[in-house]
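Heads up, the next two complexes both have chain A, just with different partners, chain B and then chain C.
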Partner chain A sequence: MAMLAEQKKRTVRINGCVASAQAAKYADVDVIAAYPIRPYTATMMALAQMVANGELDAEYIVADSEHSQLSIAHGAASSGARVFTGSSGVGVQFAYELYSPISGSRMPVQMMIADRTLDPPGDFGSEHTDALSTRDMGWIMGWSCDAQEAFDNHLIAYRIGEDPRVLLPQMVCQDGFFVSHITGDVELPDTGQVNEFLPPYKHPYPLDPRHPVSHGPQIMPEQGPPLQLERARAMEESMAVIEQAHDEFAKIFGRRYDPWVEEFMTDDAEVVFFLQGAHAVTARFAIQHMRDRGLKVGMARLRTIRPYPTDRVKEVLSKFKVVGVIETNMGLGSVSSGGSLYAEVCAALYESQKRPLVLSFMAGMGGEAIVLKEFYWMTEKMLDAQRRGKIEKRTHWVGFEE
Partner chain B sequence: MSTKNTHIPEWLTVPFAGITPAPTQEKGQDLFPTGNWRSIRPVYRDKLPPCNNACGTNEKIQGYLDLVKRGKYLDAYALIKEDMPFPSVTGRVCYHPCEQACNRGKYDEAISIRAVERFLGDLGQTLTNDVVKPGKSNGKKVAVVGSGPAGHSAAYQLARLGYTVTILEKSPKAGGLNRGGIPDWVLPQNVLDREIERLEQLGVTIKTSVEVGKDVTWDDLKKNYDACVLAVGLTEPNTVRAEGENKNGVLYGLPFLRDIGMGTSKVKLGARVAVIGGGNTAIDCAREALRQGAVEVTMITVEGNPKEMPASPEDLHDMLEEGVELMHGRAVTAVLGNGKVEACQLHKARFSGAINASPITVDRDASSEHFAVDNIIIAIGQHASLNWLPAEFKNERGTIKMDKFGRLGDTNFFAAGDIAQVGSGQPLMVVNAVGDGKRVAFNLDKVMRGEKLQPRTIPVDVIFDLNRMNMTYFPHFPRVQQEMLPTKTRTKTQDEVIHAFTEEQAVEEANRCFSCGTCNACDNCYLVCPEPCIARPERSNGMYKILVDYCKGCRVCIEECPTGCLEGVPELDFDTGVVRMDTAFAISPGLHGRQAEELRNLGDRAAKNI
Partner chain C sequence: MSYTELTVWTRGIIMDKEGRDIVNSISASARIEGKYAQAMENYVDNPDRTNCPTRKYCRVSDQVLENELTYENEHPNIVVLVEGTMVKGWDYMRGMPPGGTLVINTHYTPDYMIRFVPGAERLAQLVCVDAAKIADHKWLYYRLGELGLDRLSTEGAAERNKSIAPDIAAPLIAAVVQTTGIVKMKTIEPMIANKHAFQVALNELHIMPLNPVAV
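So, the complex of A and B:
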């Protein structure tokens, strides 16, 4: 591993894509597997420049497809490298075959995702379905809502994934365009802080001709279940590591994130939005407006969806009367016949003694912004349900109903 | 049923399930106010072109070349006149430090700026009424002593500022060094006459044959004027301090030229003439000597080679072309002859050091040579005659004591030009004196208005580096050469040696200008912007506008700006025109912006209804 040139703390105004590239640089990655697709492409553009300029000493490999890209990432990680890759939309889907093998062989590959709506037809806008569809493949997964958080999440995710108690790949997601393209002020740390937080990665059994080992051979049926059990155990036990990593991050960098759920104006809230990612920024703005008018609205933002913090979600959401889940993803024919987040929320609340009413909002689809008007409209629906004590309609298509 | 009671608005209705029409470009930009993607903002920031910076009076050279390109000659002439009262003079005589500094010189050949200046100056000469008008009178009277470049410039600027100016000139004709130090074949008298006429048209009174210290005293100046600019120049020639220097046939450079210029010369030169000195005046003397009938002219310098000579290389070249011989590394130690010059005695000598502080080492122990001549013209600089100056304003070296603004103590007396530059080590050139006169005029005006004199503190960004421009836009083009009189015949006349540019030549040459670091309204940014993010309300410098709501900061315009005036400035440096994410979809132009009012009302409605 080459050493990164020393840098002092400074603030820059960059978009999410560049923030991710900067994070990969500060993590001093060894191998970058690239294949372009909007909107994440700018991350790889920025990294290519860094490698070309000599800012970052890494192998930059351009694949011929996302499938190859993830295969390269898998192989490079097997040889002990810290690997960075990424994709968007249908690109995420094209690499699907590799997700289980990578987590199954316990390779802490990191993948940056700038969400893009799945076809049809070509739509560049953000929708979480691309990454969410891989949510059960054994990857640590969560969404950032702005460029600074994206930068931070990359460093935190490497620290979690490479922990010997975990050894799992991570998907660090950000909404395409809303985070990936909109600039925000990002504090780039002192290299010393990063060195303290993120020690060099060392795989215990890398592929090495001098010390032969087997990675991912064909196995007998009875050998499968123990591997699955171990992978499940790693995912479960990562929860403690995740909390520890966030504590440590706050101590070193001075920014504290709740690893699971960010609560915004929830102290006395009666109705809350539950969502992931960038629309939280607009939600905060809308909530402040509504608070000025005396409405008891709040927001709970899920920061990590895998491993899913069932107990924490239950604990947080049980405090409220109505929960409005903003999906930003497609779960066609799913529990709510809307998005897939609803099912996760309801399942967590099932054992609660105080179950709030849960609504599912199909909003922010296809890269559409969720404008203030729509937050007001959704709040109206939630307050209506609160008044009636029941829901009239489980799932609303925001913008297509009166 | 999640889809119960939903309906698709008409404008989004699809013709057939799964088939969607492509969005229009218009709607596309409305939907995305993409300005918030930007981390670098293109900003038009004009730099100072090196020519403007190098010019002794900081003429807006790039500006007038740009106007010449567009055929706006009168505007160009007016622009030049802001800093330079007589472009027809400097267009002929200037040593053009602008051309030495010209960035194009590093690329192929420097722009022939002086020739374009002369083109504009000559145009000005033909106007019935000059474009420059006197300022509104402020009732204050200023005396300017001396009508050379510095005095002329100071009087000109003061008249423009509204002062009533009187020039006191020692000689019978105004013009000072312009008149007496520059031969006719460089600057014809009628050209200078016209410029002095222009000065009088501005309301400046010129009193000739009035010498300060003799006809006018210091106290007279103090009593009769509110302020005074002393620009008397250096009038007394330096001597070589050689034995026999007082012999008949020994002449001094400036008086030699001055007498010819004033038409009062009685000199008849012999066939062999030696010119002592290696500067511009020495060159003018040598070339004038040929025109005055000398056959063999030899220039004797202490400098060891032509490069060390403090002279304009072009003039040196033209002089050698006319047949003047050079003799280097020698000093005159005696003038020999019986009552009249017959020869000069030369010793080997070495020159080391800068102008005006030049230690010359003469090797008197070595054997001397005798060089037979009929006349010797000594042109090794001159010094001031300051007998009339009160002692309190003289320093130990006998030069004027003043502050860096040219002011004598806390009086309303200012010094400009050669007398003020004595000891500065800088070559004393017309354009520097003009600049000095201009600055002193402005300083004087400030003092008269009770303002404090302060040195400039704003840093100037002079663009020297070709990498800051996009050179792919500039094809190589040779410099347009000024035609000259044939070498063989030119020494037989007093006709101008260098010819003026034609209009076509002036435009062709101006077209070669890079406009270093300055917006010249070339439209390139407007054309290369991949999206319509640059507005062009008017084709005029600096009038382009970056639409910050949409500009993504892709840098294409910055990279493609030929002159380097467009800069990428980090978005962090701005607090206006920035659409941040938390408000991006609430308050911004485009579709969502148009809904902003509606949104606010809906917020009210939501708050009331619930």
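So, the complex of A and C:
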């Protein structure tokens, strides 16, 4: 296996797609399974150039569909390769059959997702429904909110997923356009830092004719429970590894992320937004402006949704009077009749002695940008609930109400 | 607060690089000058739309860009038409506040072109520059290889030729910077590959002063 040429630390201005490609290069991936779909395509284009230029020594395989793409990823990982793949929107859906087998055979495949709204409508904009619909398939999953975080999350996710205590695939998600197509300053590390953080990948039981093993054989029903329990345990036990990986990352790279929830201006906050992904960038500006007006508003951004940090979400959100969940996903006919994040928040809060009021905001649907005045509007709704001490309406479709 | 939006209209794929070079070089220069700046392509225009009108955006401000995630420039102060026939096509002036600048790559004069410009009363100036001639631009299709353009897709802005403005973007950048001062000449000039075309353009701008806005 050829090693990546040594690189010195430098800052470049790139978008989220290219940041993901750079991360795959720094992770020195062995196999890339590609199939184009907007908006993640640019990641695979950048990787194709890196392979063609000899910057990255990897097998670059163009599949005939996303289903084949994930099948290739599964097979390559089974042979012991570090695999990188990705998709967007309906592409994520077309590969659905493979998600459970990959986590079930404990293959730490990594998949980059640049979110795209599912059809209908034919829309390039970001909704998180594509990735979220696979959230219970045994993949570690979380969202980045800018290009630097996307780069970092890819490295962190490999480190977590390939840890022998975990061995689970990872979906490293970023919003289409808001991250994938917006350029930001990204610090590319020294190769030495990456080598220190991310050891070469070694699967304990790869497919190898010299040492025959079976992967994914047919089983009898009575063998099902222990297998499923093992996968559930792997997910649970990954939580400690996730925390360790973030600590280690901070030590080596100097950027510290809370693995679970980023809190922004929450110290004395009474009403907070709870969200994932790039809208946090605009939320921070909105919160600063509202703070100037004396409003006690803050934000808690979920960074990892699988495994779901139930206790942490409970602990963080119990401090507040009102929580406004910004969904950016469709949960048709779900608990809140809006998005699926609401139910996750409420379930975490159920055991709390001090439960805040929880509102669900359907905002950013179809990938529409959530603008400052919409954050102000949502804050008014939260303050209104705080004044009344109860929820008048559980779910608000932003832009469709007074 | 000083905030400027620049929107470049160009032709999909065959002239995408020209458009990108304009917004990328101006945004990079503004950042060198300590301003906040962003350059991006219109997200919906981005896929494979050969010859269709496509948009490239630049935002320059002395304060942090809080609208960084919005898809389009809503109120462009400066509009550039990379290809002259686009002047008749559609309302590229939409949203322009009074005091704007329109730059067109054309061999016609502003006197002739102004009749096609919708809402020209919002313009402080109309600038015509024969960028194709100044850059000794033969014929786009023949020169694709030379320009290093990716002919298959605009997704990912994949130029093989990394030099900025080797071609007709150079006179257009000169026209924008000279007539609007969006960035300093001395900051941007070192980035431009076709320095000859850039310099020649500075003396061959046809500027029609229109309705200035009192500052």
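Here is the rule we use: the second predicted complex is superposed on the first by the 402 of 402 C-alpha atoms of A that agree within 3 Å, B and C clash if a C-alpha of one lies under 4 Å from a C-alpha of the other, contacts with A are read in each partner's own complex, and residues count from 1 in each chain.
As a convention for this text, a residue touches a chain if its C-beta (ideal position, glycine included) is under 8 Å from a C-beta of that chain, and two chains touch if they have at least 3 such contacts.
Quick caveat: nothing in here was measured; it's all calculated off a predicted structure.
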When chain B and chain C are modelled together on chain A, clash or fit: clash
Which of chain B and chain C A:A369 touches, first, second, both or neither: both
Touched partner set for A:V172, first chain B, second chain C, both or neither: neither
Partner chain in contact with A:Q49 - chain B first, chain C second, else both or neither: second
Touch count on chain A, higher of chain B and chain C: B
Partner chain(s) touched by A:A24 [first = chain B, second = chain C, both, neither]: neither
Touched partner set for A:T41, first chain B, second chain C, both or neither: second
Which superposed partner A:F285 touches (first chain B, second chain C, both, neither): both
Which of chain B and chain C A:I252 touches, first, second, both or neither: neither
Selected from 135-143, 243-251, 387-395 or 513-521: the stretch of chain B that, after superposition, runs into chain C: 513-521
Set of chain A residues, in rising order, touched by both chain B and chain C: 13, 18, 177-178, 181-183, 278, 281-282, 285, 369, 371-372
Contact set on chain A toward chain B in their complex: 11-15, 18, 120-121, 146, 177-178, 181-185, 278, 281-282, 284-285, 289-290, 293-295, 336-338, 360, 362, 369-373, 376-377, 379-380, 383-384, 393-397, 400-402
Footprint of chain C on chain A - complex, ascending: 13, 17-18, 38-39, 41-42, 45-46, 49, 124-125, 177-178, 181-183, 278-279, 281-282, 285, 369, 371-372
Footprint of chain A on chain B - complex, ascending: 1-9, 18, 20, 32, 34, 36-39, 552, 570-572, 580-586, 592, 595, 598-599, 602-607, 609-610
Chain C residues touching chain A - in the complex, by the definition given at the top: 28, 38-41, 43-44, 46-47, 64, 66-71, 153, 155-158
